[in-house]
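Here come two complexes built around subunit A, the first alongside subunit B, the second alongside subunit C.
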Partner chain A sequence: MSVIEKLSKLDRRYVFLAVAIAVSLPMFFPLGLPVEVTAPVKQLYDVIEELPERSVVLISIDYDPSGAPELQPATLAILRHCFKRNLRVLVLGMWAPGVPLGMKALDEVAVKEFNKKYGVDYVNFGYRPGGAIFLVNLGRDVHDVCRTDVYGTPVDELPMMRDVHSAKDIALVVTMSMGVPGSDQWIFYYQARYRGKLATAQTAIGAPRYYPYLQTGQLVGLIGGMKGAAEYERLVKTRGFASIGMDSQSAAHMLIIGLVVLGNFIFWMEKRKK
Partner chain B sequence: MLMTSGPWVWVAALLTLAIYSFLYKDNPFYKVAEYIFVGISAGYWAIFLWWNYAYPNLFEPLGKGKYMNIIPVVLGLMMFTQLFRRTAWLVRFPLTFVLGVSLGLQIVAAVEGDMVPQLRGTFSPFTPGALFGTYDFWTSVGYIALLVGVLTTLIYFFFSKEHKGILGVGARIGIYFLMIAFGASFGYTVMARISLLFGRLHFLFVDWMHVIK
Partner chain C sequence: MRLQIPLAIILVMGIFTLVTAFIPAKPIADVNQLLRNWYIGIITFFIFLGTFNLARVNINKIKRRRRDWGYSFILLGCLALMLFLGFYKGRASTEEGQPFMYLYFNVQFPLGATMYSLLAFFVTSASFRAFRARNKEALCLLLAAVIIMLGRVPVGTAIWKGFPSVTEWIMNYPNAAAKRGISLGIDLGLISMALRMILGIERSYMQ
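Moving on to the complex of A and B:
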């Protein structure tokens, strides 16, 4: 059996093993590859940078643990940026399993890193059901659809919410989205109606779909997958989970490119033989 | 190795390994992990639906004397009338309601949020003087590529006339734009999958085994 024949019949489990090794090795021996910041990520950074102090940024945790490796680092980086700029943050989510992830992120950044005060500097409304209908009503009257926070405190007892009533009081919305409900609903039912500034962090699979909305100005920024999160980490000068992951990403991508080339070469050779 | 993690980290790590063991071949460990996942998901969503939908929207208001909330329940139950031939016609009432609300929401959203802004975004750079005047060279080239891409892709999906002559050339160019789009999507999909694998391996090496700081 020739080398070409052997390779064409290679057990695919060797490919799985090779990918696992390619992802694991850089975790033990970091390559330190540079992360270039792309325009869609920089745009979001600039928008947050230009917001007046104490403006309200709404972060919607629209993902669950399966999207956490890509979206949690972006959530942490954006929270860091917001608190560094002394902005107020309103967290909610349209995905119930995302609530603990939002709470974890707030605890890590707002409480431990910035010592921010709950109810004054940030609030968390937890899971908000209703999807599109919730968003239509949120822009009209925040207090009506968020009557209590995640801990059961009435919205009127939260000092931060005294001057936050509708979409016009929210300077920027960032949806951390991995599906439905998520970015689509925010664009169609919130941004289209209330014309507020909206940005999104997407899992890599979903990211290409949202570039057209960036071009039209419906989105003011776009963070795509772990790479986008790594870029934002670089902008806020932290080396977090996403930045660490980029070496593994690059190694795995090189391997996959090699496998694609090899697969095509084998296909071409076999075709030539026939 | 300093495996001093808490019990739940151990549970998560062992379940992760059990799921990944499927890559070698189907086995009892994978089956157990799969069944646990399905069982927990079913339980989770049952509780979730009760506390987020049924209780706050129906049982709690009914307890406070808000009897109007019974109307959606009746409409919901009417969905089951289609199971019987004699009562099947009753399903039209809840369906009419659902269709009405969905259309009302989605027509506005599709026009205001998608169609009009996208059309504007595609054609607005071509206002007199804008191209190569307002924008730099490469941005202008990008806008031209965008317009050509939109038009030729639309031509490719125009099936009322045979793709011959100018229509054939347009459709052929449209295929190339589609292929580039599929390639970009595939590239991003690979990146997403590798991110998930990295997330799990990071958990195993850092949170479970503590072999990386």
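Moving on to the complex of A and C:
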């Protein structure tokens, strides 16, 4: 059996092993390559930079643990930016398993890093069911659909919520989304109806779908996957999990490209032989 | 009657919802608001329905000793454990350091992330076996994919500074154009499907 034949029948477990090595090695021997910031990420950063102090930013945690490696770093970076700019943050989520992720992110950034006061600087409403219908109701009357926060405190007892009643009181919505309900519902049922500023962070696989909305202005920013999160981390001058993961992603991409080239070479050689 | 009543509900509600989009005034807006609140209430019950169905399917699997029935035991055990830990201290169960949160962050979180990351292994294997430049169109797709893969990682920028710009161009023009076309097609299909359901022509969802 020739080398080409052997390669064409390569056991896929060798490919899996190569992926595992490519992803793991940079964690022990980091390359530390700089991350270039792309326009969709910079746009979101600029929108947050331009918001007046004490504006309200709503962050929707529309993902679960499977999407967390890509989306949690983006959530942390955006929270850092918001609190650095002294903005108020309202957190909720349309995915029940995402609630603890939102709580952890707030605890890590709002409490431990910025010493922000719950109820005054930020509020967490936890899981909100209803998808599209919830968003239509949210834009109309926040107090009606979020009667208590995640800890059971009535909304009227939260000082931050005294001047937050509807979509016009929310300066920006950022949906951290990996599926349905998520960005689509925010665009179709919230942004289209109430015309507020909306941005999204997506898993890498979902991001290309949202470029048309970026062009039409329905989205004011787009963070795509771990790379987008790493770009945002660079903008807010922190080196978080996404920036660290970029070396592994670089190695994995190079491996895939190498394998695609090798696969095509084998294909070409076999075709020539026939 | 089993057929006519659901069809009549869909017809009335479908037309009413369409009307509310054009007449957002009272009393139509109030009735619409009431219906939206009902919808959220009904949606919330789906969580119970889902949990109940999951339990029922797996209990049946164990009873009939179907293939891999042992895994159903693990699933039901984990379901019962998480339900218990989530409820036994009320809201305090979701505070830091509680067993529910410990299991969430140390079991569910890594397991969920692992499941999603398995994609990388399969995508790599598939790209080696199936991503072939069999014709001009496939070659074009392959080149675009390679450029995007390079433009999306720092090592690509280290090779050539222009990769991120070319990647953004591909995403903004060819990709956005194709996505827009697909979305329009899907949405037109959805409108036609919704009309068919409202008018009672499409009934397959009732079977």
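Just so we're on the same page, the second predicted complex is superposed on the first by the 274 of 274 C-alpha atoms of A that agree within 3 Å, B and C clash if a C-alpha of one lies under 4 Å from a C-alpha of the other, contacts with A are read in each partner's own complex, and residues count from 1 in each chain.
Everything below uses one rule, namely that contacts are C-beta pairs under 8 Å (C-beta built on N, C-alpha and C of every residue); 3 or more make two chains touch, one makes a residue touch a chain.
What you are looking at is a predicted structure, and each value in this text was computed from that prediction instead of being measured.
Annotation: superposed three-chain arrangement on subunit A; subunit B versus subunit C shows a clash.
Of the two partner chains, both subunit B and subunit C are touched by A:I256.
In the superposition on chain A, A:S66 makes contact with both subunit B and subunit C. Touch criterion not met for A:H143: it reaches neither subunit B nor subunit C. Legend: residue contacts after superposition of the two complexes on their common chain; A:Y151 is shown touching subunit C, with no touch to subunit B. With both structures placed on the common chain, the touch criterion links A:H165 to neither subunit B nor subunit C. Shared-chain residue A:F16: touches subunit B and subunit C both. Residue contacts after overlaying the shared chain place A:Q218 against subunit B, while subunit C stays out of touching range. Looking at the superposed arrangement, the partner reaching more residues of subunit A, out of subunit B and subunit C, is C. Contacts of A:A96 after superposition on the shared chain: both subunit B and subunit C are touched. Of the two partner chains placed by the overlay, neither subunit B nor subunit C lies in contact with A:R85. Only one of the stretches 25-33, 43-51 or 151-159 in subunit C has C-alpha atoms clashing with subunit B after the fit on chain A, and that stretch is 43-51. Subunit A uses residues 16, 19-20, 23, 66, 68-69, 96, 129, 133, 136, 204-205, 208, 212, 215, 224-225, 227, 249, 252-253, 256 to touch subunit B in one structure and subunit C in the other.
Those residues of subunit A that touch subunit B in the complex are listed here as 13, 16, 19-20, 23-24, 27-28, 66, 68-70, 96, 127, 129, 132-133, 136, 187-189, 191-193, 203-205, 207-208, 212-213, 215-218, 224-227, 241, 244-245, 248-249, 252-253, 256. Partner subunit A is touched in their complex by these residues of subunit B: 23-24, 48, 52-53, 105, 108-110, 112-114, 117-118, 120-121, 146, 181, 184-185, 188-192, 194-202, 205, 211-212. Those residues of subunit A that touch subunit C in the shared complex are 10, 12, 15-16, 18-20, 23, 31, 33-36, 38-39, 64-69, 96-97, 99-100, 103-104, 107, 129-131, 133-134, 136-137, 145, 150-152, 204-205, 208-209, 211-212, 215, 224-225, 227, 246-247, 249-257, 259-260, 262-264, 267.
Subunit C meets subunit A in the complex at residues 33, 36-37, 39-40, 43-44, 47, 91, 94, 96, 101, 104-105, 108-113, 115-117, 119-121, 123-125, 127-129, 131-134, 142, 145-146, 149-150, 152-158, 161, 164, 167-168, 171-172, 175-176, 179-180, 183.
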